[in-house]
Amino acid sequence: MTLLEARSVSKHFGGLLALDEVNLSLQNGEIYGLIGPNGAGKTTLFNVLTGLYSPDHGEFFFNGEKLIATKPHMIAERGIARTFQNIRLFGNMSALENVMVGRHVRTRAGVIGAVLRDARTREEEDGIRSRAFALLQYVGIAEYANNLSSHLSYGDQRRLEIARALATEPKLLALDEPAAGMNATETAGLKKLLEIIRGDGVTILLIEHDVKLVMGLCDRVAVLDYGKKIAEGSPQQVQRDPAVIEAYLGGV
Amino acid sequence: MSRWEKLKRNPRAAWAAFILIAVLLAVLPFLADTLLSRSWVRIIDFVLLYIILALGLNIVVGFAGLLDLGYVAFFAVGAYLYALLASPHFGIHLPFWALLPLGAGVTCIFGVLLGAPTLRLRGDYLAIVTLGFGEIIRIFLNNLNAPINITNGPQGVNKIDPVSFGGFSLNQSHQLFDINFPSVHNYYYLFLALTILVIFISMRLQDSRIGRAWVAVREDEVAAKAMGINTRNIKLLAFAMGASFGGVGGGLFAGFQGFISPESFTLIESIMILCMVVLGGMGNIAGVVLGVVLLVVLPEALRYIGPFEQALFGRVIVDPADLRMLIFGLALILVMLFRPAGLLPSTIRKREFEAEDEVEAQNGARA
Amino acid sequence: MDIFLQQIINGIVLGSVYALVALGYTMVYGILGLINFAHGEVVMIGAMVALAVINALSGTALPGPVIVLLGLMVAMPTCMALGYGIERIAYRPLRHAPRLAALITAIGVSIVLQNSAMIIWGRQYITFPPLLPSKPHFVAGAAISDLQIFIVLLAALIMVGLLFLVHRTRLGRAMRATAQNAEVAGLMGVNINTIISITFIVGSALAAVAGLMVSGYYGLAHYYMGFSLGLKAFTAAVLGGIGNLGGAMLGGLLLGIIESLGAGYIGQLTGGFLGSNYQDVFAFFVLILVLVFRPSGLLGERIAERA
């Protein structure tokens, strides 16, 4: 069953066509890789998908419905969570608090509840805390729960961002270069984590430069170049595609 | 381990400290009256009033990270609302219990109205627009005496009804158990009760889903949006909450003073409240309280410079009133130079500094 | 007399002064990202020092313009030293501290300067002696004095000079590089501390000129004058797009003209409901409208949210 479908999505900045009639479709439960040279439009696609930019034209269908909501917080509510290429954690909050913020969209307490701290609010707050802690354990950084997020190591910050995104209970997890800056051991650990997440029923859309990671992890891969999708298929198919080889080596 | 955690582990000491503070607060006006003077009780009343105001601004600036330089506008709206609905100016005399929530509600709406156009603005642009709003409100208060006399212009509104509950007016002395409670003492207990309420609300909000959302917006707005926080609403909520604290403070101010004029609501006032928030330690409730105490008490304490000069040089060289603000300015500079995160940085910031020390210690050990 | 033209002329004169002060704000903001709250007080100190010299010399046989020039010659270095000192003492140690900390020291510096001026020169208004020719010329029914013409011309000359400095010299290139990215500029061999000091010194020199102009124009100076002037000038800088030199000039002129026209016509516009004492409301109202529709000011870059 199709979870996400992009239909001829285009976006330009000034004279630059960052996305040119891109069509994608992600099946439920797969890990879908999005690769391409720098500046190919991958992050732009993420930003358009998650409502940070509005597309010039084209549309997204998610879980069988058109994604009309264009505001980022509505996208999160619909079940798409993301991480950022240049990690964007809440630096002055602890790791645990970062994940607790991720629960915002699935919880309800308002000002009155916060002040009166009635039974329902207390229960909800306990739920937020225990769920957040469980997620830290899930990604393997529970021991740093009370450390400031800005003081975690690079790899742990990436994991924390994933935990925070998972806290929103997404159907689709969109990861923007999660392995960037990681060493081989950390990358291997990340690969294992992503497989577990997929095993738990979350579909993953992955932008990644680490070709080995993409090839070993993804069920299907799409290649963007100058805003156009130039290839799509299994990692092996894509690897042999002359257009892809051209895109990666062409200019050299 | 922080002192707070130590107290938590020793409930008896915690209770003892709590009871000590409670007793001290209960007898404070009498202490100040006997040891210093009646005017010091009044100063303490103002400390409490400013704590309410500063904690309101702290929600906007400290929690949500929105630099508001026009906060005094809400103070002014609250004060004028009270003054116009409880004075001979229009001949309306609403009771205090109705005015207080009304003031909070109306300023809340003002907070949303003034906040809404600023939502897209970043840091300093937001600062200047809020500053503009503050000035606009003051100029209107100053000039709305013609063609229809609404605010009585620069003369301000006087003979404002004192705060009273039924027939119990806080402006009169009352005898209770053979103890005489003068007016300033009465107001002290009212302000103290409301200050404790405001501190309580602030603490509860800080440690809640809403409080975390505010901090998230402050730390990284884009990431906060991506996590499903409706940043527009959460910012407006901060403005509204902050404004309503300001409105309550304004109403209390009007009833306490019995007279208000636009002069009390200048930009300088906004800046002073901001200084209180930042100086003590932005985002930290105890820090804000400390900042208020210092900035209200310091200028008053500096009144003693005159006699000091007299004693030191045999004559008064510089008018102490002039020197007072000079020293005050210097103090602001010095505190910030030596404690850029404020006197009491918020716990999370302190944690950060401690963690940095740890990192440094580790690096040092490795080297 | 043609009121419209007259208000435009007054607005341009006032706007030229605003623009000079606004340049000081915008240069510092461009490089440090800091609202130099104390800049208005530097303008005030410039006016006070110049007036002190001018009043001391006004009994002598020296011709009026020479006396005024001497006043400026003293005021400019004083302000330059002051600007340099403020940056060294109050801002430099806080360059990596939370941004609000520097804002508070800036407020502290203004309080200190204002009260020092009050202690030195007293609370009364200090008048500008009638040294300069003030006979008005009449152009199409509007009056304009030599002083007004001089203010506008001098301001224009200074702005051209500043644009030349920033866009055509080595120093200017270093300034622009520092504004873009101080860290990289430092790596490229730019001495950032020197550049920042120079920025403060240049801005303060402009402030001295503006202080003299404004006290000459109104015929008086006062220890409190820096506050509202600084506020207006900062508003002008934001209106034009803070950090942008052209923006500060445009914003200054616009604000001056808006204010003058507002003062002249606000009564008619509102059917007599609002009087000319609302002129400041007018200025702020325009500012808010502009920022609501162009959140980065008139000439500011549109900064899209970066993800």
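To keep things simple, chains are lettered A, B and C as they appear, and every chain counts its residues starting from 1.
In this section, contacts are C-beta pairs under 8 Å (C-beta built on N, C-alpha and C of every residue); 3 or more make two chains touch, one makes a residue touch a chain.
As the structure is a prediction and not an experimental result, all values here were calculated from the model.
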Using C-alpha centres only, name the chain that sits farthest from subunit C. A
So, comparing each chain's Cα centre against the centre of all protein Cα atoms, which one is closest? B
Inter-centroid spacing, subunit C versus subunit A (mean Cα positions, whole Å): 48
Hey, how far is the Cα centre of subunit B from the one of subunit C, in Å? 32
Cα centroid separation, subunit A vs subunit B, in Å, comes to 42
So which stretches of subunit C touch two or more other chains? 305, 307
Touching two or more other chains - residue numbers and ranges from subunit A: 52, 84
Provide the list of subunit B residues touching at least two other chains, using ranges where the numbers run on. 222
Any idea which subunit C residues touch subunit B in the complex? 29, 35, 89-90, 93-94, 97-105, 107-112, 114-116, 118-119, 231, 234-235, 238, 242, 272-275, 277-278, 280-281, 284-285, 287-288, 291-292, 295-297, 303, 305-307
Subunit B contacts subunit A in the complex at 200-201, 204-205, 208-213, 215-216, 219-220, 222-231, 237, 241, 348-349, 351-352, 355-356, 359
Where on subunit B does subunit C make contact in their complex? 61, 67, 117-118, 120-125, 127-129, 131-133, 135-136, 139-140, 142-143, 146-147, 221-222, 267, 271, 274-275, 278-279, 282, 318-319, 322-323, 325-326, 328-333, 336-337, 340-341
Provide the residue numbers of subunit A that touch subunit B in the complex, in ascending order. 50-52, 71-73, 76-77, 81-82, 84, 88-94, 97, 100-107, 109-111, 113-115, 117, 121, 124-125, 128, 147-148, 150-151, 164-165, 167-168
